[in-house]
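Every chain is named by a letter (A, B, C, D, E and F) in the order it is written, and numbering of its residues begins at 1.
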Amino acid sequence: MPFVNIKITKEGATPEQKDKLIKGATDLLQKVLGKNPQTTFVIIDEVETDNWGIAGQSVTLRRKRGE
Amino acid sequence: MPFVNIKITKEGATPEQKDKLIKGATDLLQKVLGKNPQTTFVIIDEVETDNWGIAGQSVTLRRKRGE
Amino acid sequence: MPFVNIKITKEGATPEQKDKLIKGATDLLQKVLGKNPQTTFVIIDEVETDNWGIAGQSVTLRRKRGE
Amino acid sequence: MPFVNIKITKEGATPEQKDKLIKGATDLLQKVLGKNPQTTFVIIDEVETDNWGIAGQSVTLRRKRGE
Amino acid sequence: MPFVNIKITKEGATPEQKDKLIKGATDLLQKVLGKNPQTTFVIIDEVETDNWGIAGQSVTLRRKRGE
Amino acid sequence: MPFVNIKITKEGATPEQKDKLIKGATDLLQKVLGKNPQTTFVIIDEVETDNWGIAGQSVTLRRKRGE
């Protein structure tokens, strides 16, 4: 009964891509640890680029500066 | 000073229902462990059905397939 | 298929008390939102008092100072 | 490579304020533990006041009651 | 710069299995969304079976009852 | 009433260092957003190096390889 939380920046991931993340994470837990897919949860959080920081600045700023 | 995080799919929970979740979770911690309600936090996250997966597929897909 | 995470300080909660938290949180989601208990997850995190801060100091320090 | 998650109520924090939180949290980890800012992540979650409870009631209700 | 948190029950996952989870989750984000592995974080939380509940009871109890 | 969660690798942070993180994070929220320290929570999670991955491998492996 694993629980997987994937946090990504909110930049247009499609429902198809989200389905692939859900399927892929569920398969991974089954393959590596034999976990039952029926009770595997995956939650994807999409975070605004203003709200995600790395190296002391927001992703919004990093993108503007070309980093 | 407990902290409770409740994640549900975003499907129209009303402010009244959220208040009941907050009140109920706070009462539960007080009743079972004697925790002070004044310093009990409850945060409710409402997750889009595209972003919540179970059994390897999104809740959006499950609903379409009648599961 | 709700997911509930309860964080408490690690101060001797018994397995029986944890069972009551699990049962109580599951019942709450069923009662308020009609959620299926079969797919309700509850995870309890017990946090060392050194690692939990409130009002700018750790719970360990607060306890020593009688707060 | 620390990871910091800051949850606040959604009440109009500006991008500039968020940048200060990101910068401040990153600096703190460097100053106290010598952590490399390049691999320090900060994620800010802004939570609706209906979805945040303290002392058994939502922040929305607390604000209405002048608390 | 995705962040992935995998929660599993604490039941003897080996360092090799954990490495496979880390590698697999990182690859998944790269394959599906083109995310840079260099800034992909994965954190695995191992949760005691007393502290994980499903269907209103702890995993410890479920295992005893043969479920 | 902010909530801050700081995740670091478990590598010997002292109670004094944790106190500084708690104090620093609480001050930051007060300074930037005027948040009341009395209702600011900080939780520090210390994660085993086997359980933290970056760039597709665990921190344990990275340390062995001198990265």
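Heads up, the rule we're going with is that contacts are C-beta pairs under 8 Å (C-beta built on N, C-alpha and C of every residue); 3 or more make two chains touch, one makes a residue touch a chain.
Please read all numbers here as calculations on a predicted model, not as lab measurements.
Chemist: Applying the touch definition from the top, give me the chains sitting in contact with each of chain B and chain C.
Modeler: Touches both chain B and chain C: A, F.
Chemist: By residue number, over half of the contact pairs should agree; on that basis which option among D-E, A-C or D-F is the same interface as B-C?
Modeler: It is D-F that reproduces the contact pattern of B-C.
Chemist: Looking only at C-beta pairs in contact, point me to the busier pair out of B-F and C-F.
Modeler: Most contacts of the two pairs: C-F.
Chemist: Can you check how far apart chain A and chain D are, centre to centre, with Cα atoms defining each centre and the answer in Å?
Modeler: 20
Chemist: Would you mind pulling out the distance in Å between where the CA atoms of chain A average out and where those of chain E do?
Modeler: 14
Chemist: Which positions in chain F touch two or more other chains at once?
Modeler: Correct list: 1, 3, 7, 21, 25, 39, 41, 43, 52, 54.
Chemist: Among all the chains shown, which pairs meet the touch rule set out at the top?
Modeler: A-B, A-C, A-D, A-E, B-C, B-D, B-F, C-E, C-F, D-E, D-F, E-F
Chemist: Of all residues in chain A, which touch chain B in the complex?
Modeler: The touching residues are 15, 18-19, 21-23, 25-27, 37-46.
Chemist: Can you list the residues on chain F that touch chain D in the complex?
Modeler: Residue list for chain F touching chain D: 1-9, 13, 17, 20-21, 24-25, 28-29, 31-33, 35, 39, 52, 54, 59.
Chemist: So in the complex, which bits of chain E are touching chain D?
Modeler: For this pair, the touching residues of chain E are 1, 3, 39, 41, 43.
Chemist: Touching chain E in the complex: which residues of chain F?
Modeler: Touching chain E from chain F are residues 7, 47, 50-58, 60-61.
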